[in-house]
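Sharing a structure with you now.
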Amino acid sequence: MHDKRTTLTEAIAAISNGARVALGGNTLHRGPGAAVHELVRQGKRDLEIVKTAGAYDVDLLCAAGCAAAVSAGFVGYETPFGMAGAYRAAVEAGRVEAREHACATVVAGLRAAIQGVPFMPVAGLQGSDLPAARGFQSLRDPYSGAEVFVVPALMPDVAILHVQEADAEGNGRIIGTRFEDVLMAQAARRVILTAERIVDGEAFVAAPETVAIPGFLVDAVVEAPRGAWPFSCTPYYGFDADYLAAWVAVARDPEAAREFIAERILGAAALA
Amino acid sequence: MHDKRTTLTEAIAAISNGARVALGGNTLHRGPGAAVHELVRQGKRDLEIVKTAGAYDVDLLCAAGCAAAVSAGFVGYETPFGMAGAYRAAVEAGRVEAREHACATVVAGLRAAIQGVPFMPVAGLQGSDLPAARGFQSLRDPYSGAEVFVVPALMPDVAILHVQEADAEGNGRIIGTRFEDVLMAQAARRVILTAERIVDGEAFVAAPETVAIPGFLVDAVVEAPRGAWPFSCTPYYGFDADYLAAWVAVARDPEAAREFIAERILGAAALA
Amino acid sequence: MSVFPAPIAPAEIMAVAMARLLRPGETVFHGVASPLPMIATLLAKRLYAPDLVYLNIAGSIDPEPERLPVSTVDPALLRGSRALVTLADLFDLSARGRLDVAFLSGVQIDGAGRINMSAIGPFARPKVRLPGGAGSAMLMPTAKRVILWRTRHDPRTFVERLDFVTAAGNVDRVVTPLSILVRQDGRLVVESIHPGVSPEAFREATGFPVEVGAATPVTPPPTVEEMAALREIDPEGVVHSEFG
Amino acid sequence: MSVFPAPIAPAEIMAVAMARLLRPGETVFHGVASPLPMIATLLAKRLYAPDLVYLNIAGSIDPEPERLPVSTVDPALLRGSRALVTLADLFDLSARGRLDVAFLSGVQIDGAGRINMSAIGPFARPKVRLPGGAGSAMLMPTAKRVILWRTRHDPRTFVERLDFVTAAGNVDRVVTPLSILVRQDGRLVVESIHPGVSPEAFREATGFPVEVGAATPVTPPPTVEEMAALREIDPEGVVHSEFG
């Protein structure tokens, strides 16, 4: 296989406005922080963000005007920081569509995409207003006659995942929980991997069981030390509570959020 | 969790006649050989065997009169030994029903069982006589209108899997390819693990990513050194070509196969 | 068992009440933003149900965390786990009827034990967009028992009518700072009110009709043993974080 | 490129012919009982398509086996692989249109390139129960190109009418000891016959009508380079095992 290493700038430049973008990690943990900041820097527009449980990533992309829709089961910062203010503001103002899922229906939609089928049956959902609100249909099981909800395939145009180690060919090793990263890598048309460090892939030969993402699914690999920041990346660093607190304090107010983004994310580039 | 270690005799004794039994491994590799022999020794009857690609396991259970049906995509010894003679003879004589699957429909049926849904859509099968022969239905996708085949859930009563290492609580580590073992462990009502060796589970804490079967899915753990024999168990031993050749030479002839079983499998017990 | 001397914080009485609801041998799950379920499960495992199987969205099985995280997806919850599970595995487990208990919460909860985690006002253009129900729409109908907890007990939380039904299903108990509710014949009724809560205060705090009075049982306060175990598990007081 | 001097075994001409069908950048899969596809893929990767992605039922990706196994599920095929895939992953890959080439075989093959791996005689009570089609019913319609190979070329194999259609789909080429067939407009036609095979012998060996004559191209024989690479990859002659 060939060398897929590139820069974050180039990897993200290949994403079109309007793309459906799946983001790895979960809430405050192992999200692709550096790549999300690059999406903001490049001023992407009209993205549909796919995630089971998002936090700063979804919130920031809403504040920066990058996201037009969010397909997720949960968007919030968990107990330490509460609600996702920018996401709330954007949805309430009608700037972003909340395509609410049960987290399990995100999984089901990704599975349908992975398995090359147009829909995936999913247990549960009975009594919920979600199927009606989201247009999820049900089908009659031809074997038992039982009704079961089916979720349409959810194929991301691109999945952006942050892993602890990758080789130049895109084999990616995840330390700790894999969350929905493997599903996203399989479901997406393209996969961008950011990695704490690029290692010699020969190191994976001794324990291929530990390689979560096979390189042949991956299109671009970017070395990005601290590339999950401000998310956690076990065992190297936890989430940045001070930074997140500063963001959450301004996120609810579009003007303050824009200033924060200009200062702390666009930085020098914005001033130029 | 509690200590789930038991003897092979007791673990297999808990399987009822008529059970749907999924067997781990694939063709000549990492099948639960010792457990299959114990099924024969205990004279189980009317089993439905579930496997993607079976070989000696399916063949022997047909010869010994344990199997009434085989739900598999392929039954054969691969190039070295050719066709599964006992399976052939039993199906041709009407003693065993060949519930032929595409291997992918075994996977789909297991996935439906795992996901608690009555059916699983599956790509392909167009132009094949299998759906008609097996009664696989199709459904119209409510989103696109496309027709897609759906396979009914295939929930094993028990999965019998041979792994390289397990702890007393049933956490199982598989070295090398996992085949359909993980799917079977998730889909089955009960799981029996045989292991080359029982290890202290504390050893798994450092690398839980390498533990394929979580203990909470497992009901019984049996220490069975060389427990895959005559299948291979990497990296410890290859398949036993001499033994398999001897079996294949008699498998096609029911009488000769019975003698082989009496001598080489029932052994002293049969003589008593 | 002797009663622990006051003061006992609302979070502590909730954690102990939630722990007492778990039974030996049960398989128990909690998701994101769930410090109280995390602590309750660890407490139950310590005191009442050592063989309980503790699963969580962080992906661990029966972890032995060195320190308790405030984020319940935190890798700190992986410590001691011998295998890992993904969220998909956990949903599947519930879907096939093998999950005994799921801890869930709701911003609004109605008298049938249904929850709203989606929106205040119209779903498509809400007055308040809420975080979303996470796994609840799938877990509530499939888990054998759902235990709801909510750190706020007021008429805006316990409502006659939800703005949106995010999830409905097998709710067994609801634990709040004021009470334990139990679902009987599809309706939430009072099982007990916590020590010091008057029937009047409880009734005023609850937006749907509930029968409560002098005969209503009082939640047995935490024992010395329970409080000792709780503080040993949670020396830094993460139990209080949901009341921040 | 100079032509390798005779004798060249049928297995060798087949392996080389199959290797030549693979193109740079393709993702290629074979399943159980597939020594020729294994060797052909390794050969193509060595000579024509170093960036080809080689996947197999043993679960490896671009392995560098130290010795070639006769069983193509053998863990010997894992050596050098940096990650593992399961059979389910491979089916999914094909299902979503990302598998370029699947090598498959059939005990019977008809003029449309459909295969029977299930039964001779009635399916429910067969005269000969065959091994089963493994993944073919799912792979043949979903892989972009299917290359069939069969080490026997006789009228019992290449038949007018299958006893049972195990699988049908995107068959591109069929490689046999006598020829390479290509599917055009849904029918198998002769692309070339191997050196030394007469049109008459070919016609007699084929149970469905095929046009073949003096103008039929002859398969270019293996070159010195191809045979050297083949024997380096397969010093023990596993390539011949299907002719055992």
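Order of writing sets the chain letters: A, B, C and D. Residues in each chain are counted from 1.
Simple rule for what comes next: contacts are C-beta pairs under 8 Å (C-beta built on N, C-alpha and C of every residue); 3 or more make two chains touch, one makes a residue touch a chain.
Everything quoted here is computed from the prediction, not taken from an experiment.
> Quick check for the class: compute each chain's Cα centroid; which one is farthest from the centroid of chain A?
Farthest by centroid: D.
> Can you give the whole-Å distance between the Cα centres of chain A and chain C?
28
> So how far apart, in whole Å, are chain C and chain D when each is placed at the average of its C-alpha atoms?
Whole-Å distance between the two chain centres: 58.
> Using mean CA coordinates as chain centres, what's the chain A-chain D distance in Å?
So the centroids are 40 Å from each other.
> So which bits of chain D are touching at least two other chains?
Residues 60, 78, 84, 94-96, 142 of chain D each touch two or more of the other chains.
> Could you list which residues of chain A touch at least two other chains?
Only 115-117, 122-123, 176, 209 qualify.
> With chains as vertices joined when they touch, what's the shape: line, ring, star, complete or other?
If you draw each chain as a dot and join those that touch, the picture is no line, ring, star or complete graph.
> Could you run through all the chain pairs that touch each other?
All chain pairs meeting the touch criterion are A-B, A-C, A-D, B-C, B-D.
> Of all residues in chain B, which touch chain D in the complex?
Spelled out, the residues of chain B in touch with chain D are 26-29, 52-53, 72-76, 78-80, 83-84, 87-88, 91-92, 94, 98, 100-105, 107, 111, 122-130, 133, 176-180, 182-183, 232, 234-235, 238-239.
> What part of chain D is in contact with chain A in the complex they form?
27, 51, 53, 55, 60-62, 78, 80-85, 89, 92, 94-97, 142
> Residues of chain A touching chain D in their complex?
1-2, 113-117, 167, 169, 171, 186, 201, 204-205, 208-209, 211, 213-216
> In the complex of these two chains, what residues of chain C are touching chain A?
Touching chain A from chain C are residues 31-33, 35, 57-60, 70-75, 78, 84, 86-88, 91, 94-96, 114, 118-119, 123-142, 164-169, 241-242, 244.
> Inside the complex, what are the residues of chain A that reach chain B?
Against chain B, chain A makes touches at 112, 115-123, 137, 139, 141-144, 146, 148, 150, 152, 174-176, 207, 209-210, 212.
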